[in-house]
Structures are given as structure tokens and as C-alpha cells.
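Dumping the structure here so I can ask a few things about it.
In this document, chain identifiers A, B, C and D correspond to the written order of the chains, with residue numbering beginning at 1 in each.
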Amino acid sequence: MIKAAVLGATGYAGAELVRLLVGHPDVEIVYLASHSYAGKKFSDIYPGMRSVVDTVLSEDNIVKAADSADVVFLALPAGIASGSVTDEILKKAKVIDLGADFRLHDKAVYEKWYKTEHRGEGLLPEAVYGLPEIHRSEIAGARLVANPGCYTTCSILTLYPLLKNGLIETGMIVIDAASGVTGAGRGEKVTSLFCEVDETMKAYGVTTHRHTPEIEQELSIAAGFPVLVQFTPHLVPMNRGILSTCYAKLKNGAGEEDVAAAYAMYGGEKFIRIVPSPPETRYVKGSNTVDIGYSIDARTGNIVAMGAIDNLVKGAAGQAVQNMNILFSLDEAAGLDVASASTF
Amino acid sequence: MIKAAVLGATGYAGAELVRLLVGHPDVEIVYLASHSYAGKKFSDIYPGMRSVVDTVLSEDNIVKAADSADVVFLALPAGIASGSVTDEILKKAKVIDLGADFRLHDKAVYEKWYKTEHRGEGLLPEAVYGLPEIHRSEIAGARLVANPGCYTTCSILTLYPLLKNGLIETGMIVIDAASGVTGAGRGEKVTSLFCEVDETMKAYGVTTHRHTPEIEQELSIAAGFPVLVQFTPHLVPMNRGILSTCYAKLKNGAGEEDVAAAYAMYGGEKFIRIVPSPPETRYVKGSNTVDIGYSIDARTGNIVAMGAIDNLVKGAAGQAVQNMNILFSLDEAAGLDVASASTF
Amino acid sequence: MIKAAVLGATGYAGAELVRLLVGHPDVEIVYLASHSYAGKKFSDIYPGMRSVVDTVLSEDNIVKAADSADVVFLALPAGIASGSVTDEILKKAKVIDLGADFRLHDKAVYEKWYKTEHRGEGLLPEAVYGLPEIHRSEIAGARLVANPGCYTTCSILTLYPLLKNGLIETGMIVIDAASGVTGAGRGEKVTSLFCEVDETMKAYGVTTHRHTPEIEQELSIAAGFPVLVQFTPHLVPMNRGILSTCYAKLKNGAGEEDVAAAYAMYGGEKFIRIVPSPPETRYVKGSNTVDIGYSIDARTGNIVAMGAIDNLVKGAAGQAVQNMNILFSLDEAAGLDVASASTF
Amino acid sequence: MIKAAVLGATGYAGAELVRLLVGHPDVEIVYLASHSYAGKKFSDIYPGMRSVVDTVLSEDNIVKAADSADVVFLALPAGIASGSVTDEILKKAKVIDLGADFRLHDKAVYEKWYKTEHRGEGLLPEAVYGLPEIHRSEIAGARLVANPGCYTTCSILTLYPLLKNGLIETGMIVIDAASGVTGAGRGEKVTSLFCEVDETMKAYGVTTHRHTPEIEQELSIAAGFPVLVQFTPHLVPMNRGILSTCYAKLKNGAGEEDVAAAYAMYGGEKFIRIVPSPPETRYVKGSNTVDIGYSIDARTGNIVAMGAIDNLVKGAAGQAVQNMNILFSLDEAAGLDVASASTF
């Protein structure tokens, strides 16, 4: 049994991770911590887990976590992990960071977009961007995995094959995305109140959202040269789900067959389905699956490529488990669902 | 592996059953049928199941189902099962009927409330009411299990200990219940349209709902004499969940300790949790769990007892799997979750 | 033009009041105040009101409000109004208090249920309970109107005719009610976050909710003797709306005709509709209307009476405007809608 | 008083129109018709209107409507109006068609996108596209007004100033839009059921949606040359609201000031607000207002312009009333709200 520790266990991503780890056949949770609720039972905060996870929560302490566990999951606000993960920690346990601190390879880019100091620059070179479908082999040997963001996972996987195969113009790539409200976290903010979110839709972070450089980093790798994207997230009145609708001009000569061939790179992936109609977030809810569909518009010469994930699963906790499975040479799908846990 | 057949697989309860059976370690689905969508793939109707259940749906045919399976699940409209289940079928396979046809022991009561003829009177004596926490031993030896209704499961389990122990007056028992919209089924009705249900709440079937006699049948058994209830269901804008808020006058002398002792009858049950605060439907969503809580009001002398279930799991498909597990001497919890599949 | 002041203008009830007053033909808002957002524009907090109410918010100051206005509306947390309304204030302006401080005639009852000191006992005798359909003539001459609560308005109006006419037993009266989330206010609480409320239902304040004594006060007046009720509120995932489902045993001999005759007392009321099917909250959304329906159950001898209102309109701001109309001898329906503002 | 007739009064747009006309100070409804519900009361179908509109519905009959009314509103499925509006009808009454039949000036374009024959070609030259902010003067003298679609109203008004002033490249204009479910109508379709729409999001009609040519027609007029757009609608779990997020490359040299100057064309418009933060659909709910906001991205050289409307008001019934007001020389805002009818 792999011994796992979770810091930040009572945020939405952390709690989803607990749910998945509890159901994982090869994992035992040995350390469960929460800054806000230390001293309370996990099931006091998430009563759905009563009689299943009644563990009393510890204070977030990465040293204690690393002492007791084989793998430490961090589900913490931006800026904390960069100051607390050290070489010493990594000698004791693998670290999978669900936050943003080790995702961007360039410290300056991080500090520009996150407007906070990065205190762990020394570890940036070895941190691996934990998107298994793209970086599987590097993940396998890593000590520190930077688990990708939700919008980014969805958007990168949707566009990657097109850029990797040089099928689209890069002068104007639009990613218009939408998220359920769990993406905003469990903080006590007026903007997250039911009555402020229900029955309405809005864009936010227009031209400034922090997931932009992360998407650009990976798509630039795919393209082989720097690529910019116009990324706009929206908030939608639902708990879970991310939908990315991506637009680009197809290169002259690129057609249906080229596009199909490009997406065939995902043929062996357990968690990616290329679907014939536009993907829908409910069809991946609770699962670690990415549904991707696309349409080529002969009138305009554009391609519209769409991806859907559950932001808390493939966009956070599920992908973290997938990364753990890779790190420990388990079946990559252990403890994860392909089918939507909820059929509606 | 137990071979299972599902008739009515594309209704909401049927589809949930398919989801659960697919994840069950000891079951293989050998026959999947749908009157409305025969000839299509199951995953065309429920695309969340793409790559998991791509089986082409057969026409509903109970004979073929019984020929190929060890257990046949029926998720059909009222009145069909009573005309198609026969002794011959039952000699070939166990039948678990998710519909209402074999729940009421008295044909006349059935016909009065359902306003349709019962065509299988001969099987009524042997049909077992499939509420495991009350009738476990009879279920174990049954050929034909009548899986309880959703409101009924929740309401009976909430009130049963109070009546069994003679703690409440029976002159006025009120069950005020609410359901998510999956309870209304997948039929194309104006009243089930999103814009007719969203952002509103209403009672329906006031004084006339068909689950009334089913609740009364079981509570009368508990009490040892005929008991009537005032049952009012409501529709709430959510997909899943049933909440029953039940009211009765405590008998003189009955107090907190008596009530606690009565509910202790559920102490060994895997799927019942007695909770200290009012139960909430999200905490049982996706699981087979019943959460029950209660308050005694010293001012009024009443007890308010509340139960919460997922109408599609403990209220339908999950309970059907639980019954199957009992029928085939498996672990009663095999393939079922205690923790809520969705923490929020 | 009547000059109006609103204190607590940025809470949900306060903001709804602003919306109604802006559309009122005979009213001019002269003072708009908010403790939390003083110094900001009202339309910064409620951008739907941009270009309509761009007034900068003042600090809540009842003296300044009374100096400048003919009527002062208070939409403040419990305990503040009782300490700030004085005879001096009332000499300058009429006061309509949307809070609870002056609703209960008995100081001790208030302090028991609200667990806070009442600091304005001297004004309790003259405060009028502002339920126009019951106390219209007293309201007309009042200086201080205690605007009823949301659950209470709905529940009292639904049950009043039955008690007034002695048609029901009073040994066990059950009021099972449900509210949209605006009823929980705009405070930054985890329990009001979208993801904690969406797709779930629960009871709260079981046996202890503060609206209980308010309902009992008015129903006791109706009955002519002290009446207790078993009141249980529930939270439902929708913005607005209250539904009260009320249960009582009909007295021997009381029947359909007696009940119809009792409800006929509302025949001349503009804002009460007796409806033939169970009322639904969406049909009164945005309007000041109460829809009331009932069913008599011959099997059990009970009556099930149901009422629906918009908690922010008839349950708060609309009723406050109705009271203002009465105080100033305007058409009682001025500035108020009978039809639902939203057809769905 | 202007005498109004409504055909198709029980669809969502028709019913919203009835709601607005009932509150209009200068209008009397003289003819109310519904194909599906002829013979029933309007308030049987929309019980929120009980005691307000209890009119018995007639069969849809445009001749009778034109005989009795000054203005006939048509809220009918595509293809019906083109065959029933005639010169004879137009001699008797003004016609405002909320459907698509007279919006596209080119019959061939209509037939290509709508895949149905256009039977009223003779009237196409005189039909005026009823977007008041663009075509006010032509509307004033028209006999037949083609009321714009919902997505189109929102998208055209958002992009028009940019194209009119030549500020954006036209090689790739992306309109990524989302709608509440009322946009799908009141038809009994599985895809509109609550449980199929709640808690999920999807794109639909990708590259093929019928509002595309309507947007292109008007934006081409603005630009002075043919313009294509990439339009993708999405379905969002809410009743009302449309949000259009539009993307284009700014021309070299075009900057913040030019864009602000372009949008200043709406300075005198009562129903357009240029807002400093991203618009949100709830802030225009129930009102006839369009909120428009934009961001220029210096990194990418793109502009992101966003518009929000209520699809049933400015996107249908409200705009129809606005057109009627122009036709009959009333105050253009009569009977319409600027502020959101619902503050949340």
C-alpha cells in the first residue's frame, strides 16, 4: 500500500482527492491536514464521508507529511508550496503539487502573472509538468510533479495535436472556456454565493487569467516556437465541469483527414475520447476522462475544437492520482473512472 | 460472475443500474434492452458511457432476458411487469422489479391507487418487498423481489423504528417529502422541461400519491395494526435526492432515550447512518446510504424525523443491486458506495 | 411625492425594496444607506441598476433618514432597530421595520427566541404587525409598522381562515416550509456558497426557528386562544420563493364547503389568489401575490393547505411597500405587481 | 390605446410579450391566440397570470387578428409567417414578426440555412430588420418589421461599432455565445428536460447555427463589404440570458481611444449601457437593456468585446415592444424596463 498525505484536504480539490484516494485499491491515507479546520474531523466538514473518513485533521505540515508518507499531495493556495517544498522533503517523499507554483518553468513568468514571489526557484528545473498524455515518461521518474490547472488541462489537450502537427495558424488562437463554480474554491466570498452565481453567466479575468501562460508554455512546446493564445474564462451556474471551445484558422491545405490523423495520437489513451458530437461536461462528471470533439468550417476556413473535463477530477484530483499511479508504476487508471460517475 | 439482464435500461433508474452493474466486481451484463431505443447503442443515449458500455440495445423481452441471465432487472412503467413475469420466468432467473407491480400485497389496493388492472395476482404471495433493512431474510430466499419506491424507502426507514417500538401516536403522521427531478423520469413532458422546473418548488399528488399505500403497508407491519399517513411529495430543482421530513406526536412518557434506543436497531447496517444534524441530500448523492436525523420538540410534544437518500441509488438502482447481492449471497455492499460519490 | 429612506439598502431585502420604490409612481428615494458599502454607488453593488440608481450610499443613520424622509424603511439585522427607533424618530417620520424587532408583542418571547436583549420595549405597544390582510385598519393609523417575516407571512395567511373559523384541531399543526437562498441573506458564509447549496436540500432550525413564535402569535389571535405550531423550514436551490405546506386535522363535521367559505374572507384581496391546484413559487415570483391552495383528505381527515410567496416581495420588500401605501392612503397596489414578473 | 394581437402567445417569447403588453400603458390586447392551447385560458398555461390574463385563447388566425388589431405580433415557428403575411394583412395592421422569416433580405440565404421554402418573397424588400439602435428611422415607417433573433441582437450590437469604424480585421471574427434554456423553446424534447440540461454545458449548432447569416448580414452592412463570422452557441443551465464573447484582431494603430469613440455611438441609447467590467446576464434579466464591455489585449493585439441581454426581452419580446413603440410614435421605452427586474 502506498502511503499518502494530503495537505489542504478541505478545499474542493483536496476533498475530491480524499474521495478518490479512499476508493483507490493501492493507497492508504496516513496524513490528512487542513489549515482552516485542523482539529475537526474530515467528516465534520464533508458529512458525505461520515463513517468513511472520520480522521481528525492535522495542521498543514509538510515535514510531518513527508516523514510519514510515500507521496505528499499539496492542495494549497498559490505561493505556499514554492516556499515549503525542499530537496530534503523530496528525498523523503514524492510531491504532487495541485497548485500553480511549479507549473511554469520560468520564474519571471510566474511572478508576472501571479504577482507573488517564487521562493523555490532551485526546484523549477526538476519539476515535471504533470500532464500524462504529453509528459508521461518524464513524470515516471520525477520527484516533484506540478499537477496542471483545470482550464489548462482541458485547453492544452484539445489544441495540442493541431499545433504538434502544424495544422493551424498561430496568429490568432482563441480559447473561450467556461467553468463550474467549484473552480472558484470554498472561500467565503460574496461572488461565490449561490444568489450571486445562480441563473447568470459572465466572463472574468479577461486578458489576465493566470492559466494563460501555462497554456502558452505547453502549446509552444507543441508548436516548437512561442505561441500566444487569447484565453477567456467564464463562470457558469453548475458545480463541476470545464468546457473549452477553441478557435483557429486551419492552414491552407489542412483538412479533415489531417485533423483526424493528428487526434489519432490519443488512440491509446484511456482517459481521452474523441467524440463525434460536441462534448458536454456532464458526460465526464466524476470521471478522469477528457472528451474532445471538433468541427471544420469550410465557409470560414476555421476549426472549432472543443474539450470537456471535470475540473475537480481530470482538472485536479483525478489527474493527481493518475500522476501518482505513474510515479509508483501502478495501472495508470487505478482508482479512477472512465465512465461518468453520474449519468446525468 | 453473475449474469444480469436489464429491461428498461434507458430510463433514469435503468441507466443508473447499468452504471452500478458495470462497476460491480461480480457481475456481467448479458442483456440490455430498451423499448424506446432498441437498435441504438447504450452510449448513444448516455454518452458518458462511451467506450464503457457501447452495447447495442435489444427490445425489451423478458423471456430472452431470463434465458440468458441469472437475474433480470425490470425498470418498466407500472402495469407491464405484472403481465409479463410468470412462474416459468422465475424458474429460469431471479427477478428484481424496480417498478411498483409487486410491492403491494393486496391486489385491490394496487388497482385502487394505480388505476390499472393487476395481471399477476398469482405471484403476489411470493413476491418479497425488497427493503433489506426490514426484510433481509425473506429476500435471501426469494425468486421475485419487489424493489421499493424512492419516497417509500426513505420514509419507511425513517419512521419504522418509532412505530416498531410504539413510541408515536398514529392518529396523525405527516410525511412531507421532496424529490429531485430524475424522479419524474425521462419522458418528454412539458412539466419536466428545465424552464418549468428550475427556480421553483411545488407540491404534487397531494393526498393521492401512489407511494402512500406502500408506506402504509410497511408501517402497519411495524406497528402491528393499520396505520395511515399523510404523505405529500414536492418537486425541487435538483437532479437527485429525496428528503422526507416526518412528524408525529410522541406518546406520553416516550423521550430521547427511547428514541435513540429505537434507532439503534440500525446499528449494524452498512447503509444507514444516524446523523446528529438534519440530513442533507447531497451527502448521500451517488451512494446507497440513508442518512437519518431527528429532533424532539419539548414545546409541542412532537418528534420531527428526517431521512435523506439518493432516489436513483438507495431509492432504485442501488437498492436493486443490494437485493441482488443478498439473493446471490455476495457481500451486501459489493459494487455500492457508502460515501457520497460527489462531495458537493 | 412621498420621500423615502432605506437603511440596509444593500442586503437582498433592501435592494429589492429599492427596486420597487424606484418603480413606484408616488415615491422619491431621498436617503439610501448601507453599513457595509457606505461611500460606494448603489449600482456598484447591484450593477443591474446602473444608470437607474447611481446614488452614493450613506452610512446607516436613522436620525438623518428621519430628518429627510416621510417614511424610513429599516432592513437591518435583528437587535439594531429596537435600539435606534425612538419616539423622537417617530414624530418625524413613519417607520417600517423589515426586521424582527417589533413583530412580537411580548418582549420575553422575543428575547427567548432571538437570544438578544430588546432595547425598545416602550414602543412595543404601539407597533403594529404589518400584515395588511389581517391588520389593515390598525396599520393605517400607525407610526411604527413591524413588517412580517417571509415564512410567517406565507404560513399565517395560509392557516388564518381555518383557525379564525374554528375548522381545525389545534393539537398538532404542522407547517413544513421551504425557502430560496435569498432568505439566507448576502453574508459571506460557507453555507451560502453556490457549491454548498446547489443540487441539495435540507431542513434547518428544526424546532428552533425564530419565525415560530411570530406564526403562533398571529394564529393564536385568529383562534382566540394560544396555539402552537410545529414549524420546519428547508433550504432549496433556487433564488427566491417560499412554499408552506400546512397540515391539520379537520374538526368533526367540517368539510369542503366550510373551508371554501373560510377562504372566501380573502375575496376582496388584490394580492391573494385561491388556486385550484397546488401553488408553485414561480407563479408569484417578483409579484406581491400569495397563492393559496388546499386539499381535504377524506381518508385521513386532514387538510393540507399550501401557500406560496416570493420571500423578497410579499415576504419582505413588497409587503413593506404595501404597508407604506396604506400608511399614506395610496392605492394599496401602487408600485406592486399582481402578476408574476417572470412567467417562468 | 393601441390594439394588439399576439399569435403564438403560449411559447416562451409569446408569453413574455403578453407579460410586457399587459404592463404597457398604451396597449390593449384584443386577440390572443395559440395553436397548441386554443380554447384554454392563457392563465391555465401560465398560472402566474391568474386574475390578470384569463382570456380564452383563440386559434392562430392572422386574418382575424389583423381585422381586430392595429398591430399583430407573430411568435411562430420558422416558415409559417412567410406564408401567411400578405399585402392585404399589411393594409389592415402593422406586423411585427418575432420569427426568422423576414430577417434575411436574400431568399436564397434563408432557404439554405433554414432548409425550408420561403413563401413570401414579394414582401422581403419592404420588411425592415427591427434592430432600433441600427435601423430606427426605417422602422418608423415600416408596415412589416422583422424582429431580430436573440443571439443576433446581442452579437450585432456588440460588434457593430468596431466594424462601422473599421477598427478590426475581418479575417477571423469569433463570436462565442451562450444562452439560457428558454431559447430552446417550450417544445417537449428530451434535450430540454431539466435532468438533461441541469449541471452541464455544451456547444451546439457548431458552424451551422441559423443565426450566423443574420449576424453576417448586419455586420456586412456595418463594414461596407461582406463579412463572415465564426459563431458558436452554447447551452447553459439557466432560464434566461445571452452572453456573447466576441474576438477580433485590432487593426494596426487602433487603440483604446478609437474603441471608446466607436462605442460612443450608443451614447444616446436608453437600452445600451457600456460597462467597465465584463457584463453579466443577471444584470439585464427582465429588462430590455444590453450591457456591453470590452478589453483590449496588448499582448495579443486582440479585442475581446462582450455583450449581455435577456434573450426573451431585448432578444425577443422587449425588442418587439420597442419596435411597436417606434411604429406608433410612442416613447421608445414605454412599457419597458432599463433596470433589471430582478436584482438577483
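One rule holds in what follows: a residue touches a chain if its C-beta (ideal position, glycine included) is under 8 Å from a C-beta of that chain, and two chains touch if they have at least 3 such contacts.
Because the structure is predicted, anything quoted here is derived from the model rather than measured.
Q: With contacts counted as defined, which of the two, C-D or A-D, has more C-beta pairs across the interface?
A: Counting C-beta pairs in contact, A-D comes out ahead.
Q: Among all other chains, pick the one whose mean CA position is farthest from the mean CA position of chain A.
A: Taking each chain's C-alpha mean as its centre, the farthest from chain A is C.
Q: Can you work out the whole-Å distance between the CA centroids of chain B and chain D?
A: Chain centroid spacing, chain B to chain D, equals 46 Å.
Q: With chain centres defined as C-alpha means, what is the inter-centre distance between chain A and chain D in Å?
A: 38
Q: Using CA atom averages as chain centres, what separation in Å is found between chain C and chain D?
A: 37
Q: Among the residues of chain C, pick out those that touch two or more other chains and give their numbers.
A: 12, 182, 195-196, 198-199, 237-239, 280, 282-283, 285, 344
Q: Where on chain C is chain D touching in the complex?
A: Its residues touching chain D are 12, 15-16, 18-19, 22, 46-53, 182, 198-199, 239, 273, 275, 277, 280, 282-287, 291, 338-344.
Q: Which residues, counting only chain A, touch chain D once they are in their complex?
A: Chain A residues touching chain D: 171-172, 174, 176, 178, 180, 195-196, 198-204, 206-207, 228-230, 232, 234, 236-241, 243, 245, 247, 249, 278-283, 285, 295-297, 299-300, 302, 304, 306, 308, 344.
Q: Write out the stretch or stretches of chain D touching chain B in their complex.
A: 12, 181-182, 186, 188-190, 192-199, 237-239
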